[in-house]
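Each structure below appears as structure tokens.
Look at the two complexes coming up: subunit A is in both, with subunit B in one and subunit C in the other.
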Partner chain A sequence: MHTKRNNIALFSFFLFLVFVARAGADTATTQADGTFDVPQVFSIAFYTDSNVLYSTGIPFSGMDSTKTWVYADGRNEGDGKSDTGCVCSSNLGVTWYLKIHAEATPPFSLDKIFYYFGQPWNRTLGAPADGQLARSANWYNLPGSPTVIYIAGNGDKINTPDGTLCTFSFAINPSQLAANRLYNCRIVYTLTTSA
Partner chain B sequence: MKNRKTNKYQRKEVSTMKKLMMVMVMGLFAMAIAVSANAADQTQQSTVNATVGGIFSLSFVTDDANVIHSNLIPFSNVDPSTSENYSDGHAEGKTDVGLVCLSNHGSTWKLKVEMNGGSTLFHKLLFNMGQPTDRNTSSGASGSRTYGDDWYEVPATSTVLYTSGDYDKINTPYGVEATLTFKINGAGLVPGSHTATVTYTMAEVV
Partner chain C sequence: MKGTLVEGMFFFLAVCFFTDTAYPDERLTSIITVFVKPVLSCEYGGEGMMSNGNMWLNYRTQDKTPAKLYTVTAEI
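Moving on to the complex of A and B:
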């Protein structure tokens, strides 16, 4: 009888151990150590689609010299398109500036070429960018030295993954330009953290 | 005993979580340091390539109220007793014909005039042309006239009236305007209708 009681106790103890072991198996832990590197993004890249027609080359072919205002090939007044588009991307969390300037090859001169720049578009948010135009949206002569045209807003400071889209249109006054020669002008867009 | 083993695992889990949180905080701190630094300027460039279509044209003026005729100049009441017969509607300060010479070729050009010599108005039809006007600047054109400020018979052969100057060689968008006034010497003209064809030519000097 004493042995039977011991056997029962022992069996119960083993049962207890089984239950405890199973209870231990239900509570599992994991441990992971790691570091997270977020790469710096600060870039300007061309953007094209059906409404943004050009990028590295902007053609003005066979301009009518009896006119004083000519658009790029394929462009018309009020067509809703742009000549070039630049996507400015940043995750620096600081204010950035978009600048523009041009260098004309003589006899072409900067007083012959004009640009139009309106409020940019925050592609990540799907809304107008919240930064500030340096001048109101209008036609201006291209400057000969880097000139701020847009100051990033709070929503632009970290605008990844899709960036802020800035679009441009250009026009030329062909009067007093000779026929049958090629005129060149280089336009530079600069994304910078310096005002 | 069961509860004590459970707490043991919980304590280990809490300890693990603390370690994970610490690592995450340290990682975020490192990232904050990295992103606050200024970045180098980034640029893109476009090149504008532009060409201009050539233009070399001669046309009648149609936008000047002081130019009263173009391809037809009527003289309805020529008085044979006078040499001073002017076109219909002529008045002081007005001219009969205006010609716009347009070029962006960058070369010298000449404006010429002639009439058909067989006309009964030959030697009877006279013209006067002042210094042409640069329509871009509204000032005198830079070229030179062959004839001065006087009346001359319209020649029977193509004769240069004006030779372009440096600023006329590319005179777009508005060109150079030359205006002519005509008169008829009625002496010796028989009664009836008389016609003459006056031809104006803009010729490029190559």
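Moving on to the complex of A and C:
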């Protein structure tokens, strides 16, 4: 009789333990399925700082027509600066190309303007961009139609958020230009996925 | 049925083509303005003695173009 009562007590205690254990083991699980919609980025924008002086307008004021090679206002030979900078940003994951050309308003002609373009800088990676210059870094005449000057490397294909900085310097040969008149030339930078 | 299949293939190819070229070119423009300052100074170009005993001196403008060669005669 006494044993039977003990067994009932033990069984009751066991049930109590199972109940407590189950109550403690209850876990609330919430599952959230997230979808991320990353917008496409494919853009080109001007960049300026203390070493990249200009963007939409590049002044060559007071040019001396006795010279054959002059730089923009505030520029000197080997000053380590640039006239313009373009930040090319993309997350398309495809090869992109940077092209340049100029449209001169007569009597100004393209044989009087030159550009210099060196290896771009990948601002996101903080290192020189790994793409390929179409021509080695040097001074060249500006082409009259869009011409590839840089082919994106693997690091450029997805270079967001800070993009790849491409800087340019320009020089003019003002000889035989008449004084006291304004000459214009339009520089066009094109970011494209087609070569 | 055959026509529908061919049309479907053309539609598929068209979709592939436009998907592949779906990224429009992006452009920026800079305008270069050039202003040439007037030059109205001279530099010494030579000298000589004329038959009447006067000395001649040549000066020319700084652009050094022959068409703008000026001769200044100075009497000693």
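Just so we're on the same page, the second predicted complex is superposed on the first by the 169 of 195 C-alpha atoms of A that agree within 3 Å, B and C clash if a C-alpha of one lies under 4 Å from a C-alpha of the other, contacts with A are read in each partner's own complex, and residues count from 1 in each chain.
In this section, contacts are C-beta pairs under 8 Å (C-beta built on N, C-alpha and C of every residue); 3 or more make two chains touch, one makes a residue touch a chain.
The structure presented is a predicted model; accordingly, all values stated were derived computationally and were not measured.
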Subunit B and subunit C placed together on subunit A: clash or fit? clash
Partner chain in contact with A:P174 - subunit B first, subunit C second, else both or neither: both
Partner touching more residues of subunit A, subunit B vs subunit C, is chain B
Task: With the two complexes superposed on chain A, say which partner A:C86 touches: subunit B (first), subunit C (second), both, or neither.
output: both
Once chain A of both complexes is superposed, is A:F108 in touch with subunit B (first), subunit C (second), both, or neither? both
Quick check for you: in the superposed arrangement, does A:A127 touch first (subunit B), second (subunit C), both or neither? neither
Kindly classify A:A137 by the partners it touches after superposition: subunit B alone (first), subunit C alone (second), both, or neither?
-> neither
Overlap of subunit B and subunit C contacts on subunit A, residues 40, 42-46, 54-66, 84, 86, 92, 94, 108, 113, 170, 172, 174-194
So, in the complex, the side of subunit A touching subunit B is made of residues 16, 19-20, 23-24, 27, 29-38, 40, 42-46, 54-68, 84, 86, 90-94, 108, 113, 170, 172, 174-194
So, in the complex, the side of subunit C touching subunit A is made of residues 21, 23, 25-39, 62-65
Subunit A partner, complex, touching residues on subunit B are 1-2, 5-6, 9-10, 12-13, 16, 19-20, 23-24, 26-28, 30-31, 34-55, 102, 104-106, 136, 170, 172-173
Given the complex, residues on subunit A that touch subunit C span 40, 42-46, 54-66, 72, 83-84, 86, 92, 94, 108, 113, 170, 172, 174-194
